[in-house]
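Read through the structures below before going on.
Okay, so chain A shows up in both of these, paired with chain B first and chain C after.
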Partner chain A sequence: MVKVYSFEGCPYCDKVKKYLAARGIAYEVHDIEENPEDAAECQRISGDLTVPVTTIDGKNFVLGFDKKKIDELLATA
Partner chain B sequence: MKERIHKDVIIIGAGMAGLTAALYCGRMNLDTLVLENGIIGGQIANATDIENFPGFISVKGGDLIATLQQQAENFGAIIDEFDEIEHVTLKSSPKIIETQEKIYECDVVIIASGMNRRKLPLPEEKKFAGRGVHYCQLCDGAAYNGKIIAVMGGGNAAVDAANFLTKYGQKVYLIHRSEFRADEVSQKRLRANKKVEIMLQTEIKALRGDKRLEEVEIFDKKSGETKTLHVDGIFVNIGVVPNTKLFEDELKLTASGRIPAGEDCKTEIEGVFAAGDVREKEIRQLTTAASDGTTAALLAEKYLSKLKG
Partner chain C sequence: MNVYDFTAKNKRGEDKSLADYKNNVLLIVNTASKCGFTYQYDELQKLYDAYKDKGFVVLGFPCNQFAGQEPGSNDEVQQFCKLNYGVTFPIFAKGDVRGDNAQPLFKFLTAQKKFEGFDMNHPIASKLLDALKQNFPEFLEGDGIKWNFTKFLIDRSGNVVKRFEPTTNPAEIAKDIENLL
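What follows is the complex of A and B.
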């Protein structure tokens, strides 16, 4: 399952979610502002709390909105 | 091979000017496509409280833009924020807009590509970008909960960012090399916040840190003193640059990189209009961007009617 670490009101987080939806890809939203566990996990994955962070396996991730990199990440699934 | 598609009007940029043009074009039944390489709303998507748009006491930029997007789409405009533009040919007939996935032909192009944030002009910027140096407080502000934050700049965007970031930071410095340019109302709000320390006539000379930003070197122009300030993150709001790189080979640009066009938004090329902040003009506000979008759309329709006989 694709996971998007994000928070409400973040424009690039919304763009990632819209892109995944447009491609018909199901994803889980992990809100780093609402859930401290999600914030800790986001920091573990990317080393920082800058979002959006998109990941499938919790190891490889894409920071921000980068269509090419997200497509590459999805191709690994 | 890329698919070729014809449109009446292609609008480049989905900020206030572009979406207003899309709304008007849609209402005139023009086959309209809006292409956006960044985020829908442009600069305004980042604005937390807009208090100078007529008809609203206060509105979030994202909410205002979402409504406008809905309005434009309700009248048939298509907005694509994922397919990035690679090349434009404006002097030909039809005009050609090539994206990563498609080749669009169209009769009218409305350029409403707006402005991008100016990058921090220090050699360390690249090292710390995303690791303490940020340009979007809405995206990255939450990473600084309980931390020490600096905002660089003295205009409305900087003051707005500083006000917003007090939600997270235990302390927020506003550092600006000269005097405030922001509205009095916003300045007053910022000055009243106990978390905020305002440092005017102060320049940031260097950024330091191991893996991420840890401190900045500042120079107080009044006292001539150089000091080191511990900060966890800095949000840069030192102005904007016109987003016109795509058009450099097609249109003459002004010294500031904007597109020369009069109040009718017509450029030197027939059927090509420039609207919003990308157009060379004295006043650049949200309201004037909406005005440009309206003008460009209405005159685009006149041009198309003449073209099609």
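What follows is the complex of A and C.
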């Protein structure tokens, strides 16, 4: 499952979600502002509390709204 | 009437009276997550650190009304946002700061101090103005809050002394704060 670490009011997070939805890809939203566990996990994956972070395996991730890199990430799944 | 007549919801959703901040100099700011004007959070924190022992408090009111369209975001390489981190001044619950559903405190603040234009010398001012003209022309009418990081300086008696637009960096307000302390 694709996971998107994000928080409300982050326009780039919304862009990632819209992009995934447009491609018909199901994803889970993890709000790092609302959920401390998600914040800790985001920090562990990317080393920071900067979002959007898109990941499938919790190891490889894409920071920000970068279509090309997101496509590459999805291609590895 | 002054700011002590108002209450606001804290992060836990409880009512907090601004009268609890009596005898302090206050800087009331509508904040947003770190997507644009990123440095202003850090500068606000620095002001708070510098003057809190003398009776100065920054009060942050998060608001998503301006979040969808960050000025200049299309030209920026940065396509991500950072969660506010290390901010120790009080942050209240998210809410509207403009329009019919604006929190009463912000209706009061904007009625007390009118919009007098942006500081066009600020590097982002023309971008901000263009973004507003293009996306939210109605925001430019009247005295309502125009964008994130509009700042209201309150004296030790609860009077609204001055309004600063997003185009005034927090660091530039230091002198005005010192004058009230």
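Methods note: the second predicted complex is superposed on the first by the 77 of 77 C-alpha atoms of A that agree within 3 Å, B and C clash if a C-alpha of one lies under 4 Å from a C-alpha of the other, contacts with A are read in each partner's own complex, and residues count from 1 in each chain.
The rule we apply is simple: a residue touches a chain if its C-beta (ideal position, glycine included) is under 8 Å from a C-beta of that chain, and two chains touch if they have at least 3 such contacts.
Keep in mind that this is a model prediction, so the values were computed, not measured.
A.B. asks: Does the chain A-based superposition show chain B and chain C clashing or fitting?
C.D. replies: In the arrangement built by aligning on chain A, the partners chain C and chain B clash.
A.B. asks: Does the superposition put A:I32 against chain B (first), chain C (second), both, or neither?
C.D. replies: It touches chain B and chain C both.
A.B. asks: So, A:D48: does it touch chain B (first), chain C (second), both, or neither?
C.D. replies: After superposing on A, A:D48 lies in contact with both chain B and chain C.
A.B. asks: First (chain B), second (chain C), both or neither: which does A:C13 touch?
C.D. replies: Both partners.
A.B. asks: Could you look at A:D66 and tell me whether it touches chain B, chain C, both or neither (first, second, both, neither)?
C.D. replies: Second partner only, chain C.
A.B. asks: Looking at chain A, which of its residues have contacts with both chain B and chain C?
C.D. replies: 7, 9-15, 32-33, 48-52, 63-65
A.B. asks: If you look only at chain C, which of its residues touch chain A in the complex?
C.D. replies: 32-33, 35, 62, 64, 67-70, 73, 78-83, 85, 94
A.B. asks: Give every residue of chain A touching chain C within the complex, in rising order.
C.D. replies: Touch residues, chain A against chain C: 7-15, 32-33, 39, 48-52, 63-66.
A.B. asks: Under the definition above, what is the set of chain A residues touching chain B in their complex?
C.D. replies: The contact residues of chain A facing chain B are 7, 9-15, 18-19, 22, 32-33, 48-52, 63-65, 67.
A.B. asks: Which positions of chain B touch chain A when the two form their complex?
C.D. replies: Chain B residues touching chain A: 39-41, 45-46, 62, 81-82, 84, 100, 130-131, 134, 136, 138-140, 142-144, 212.
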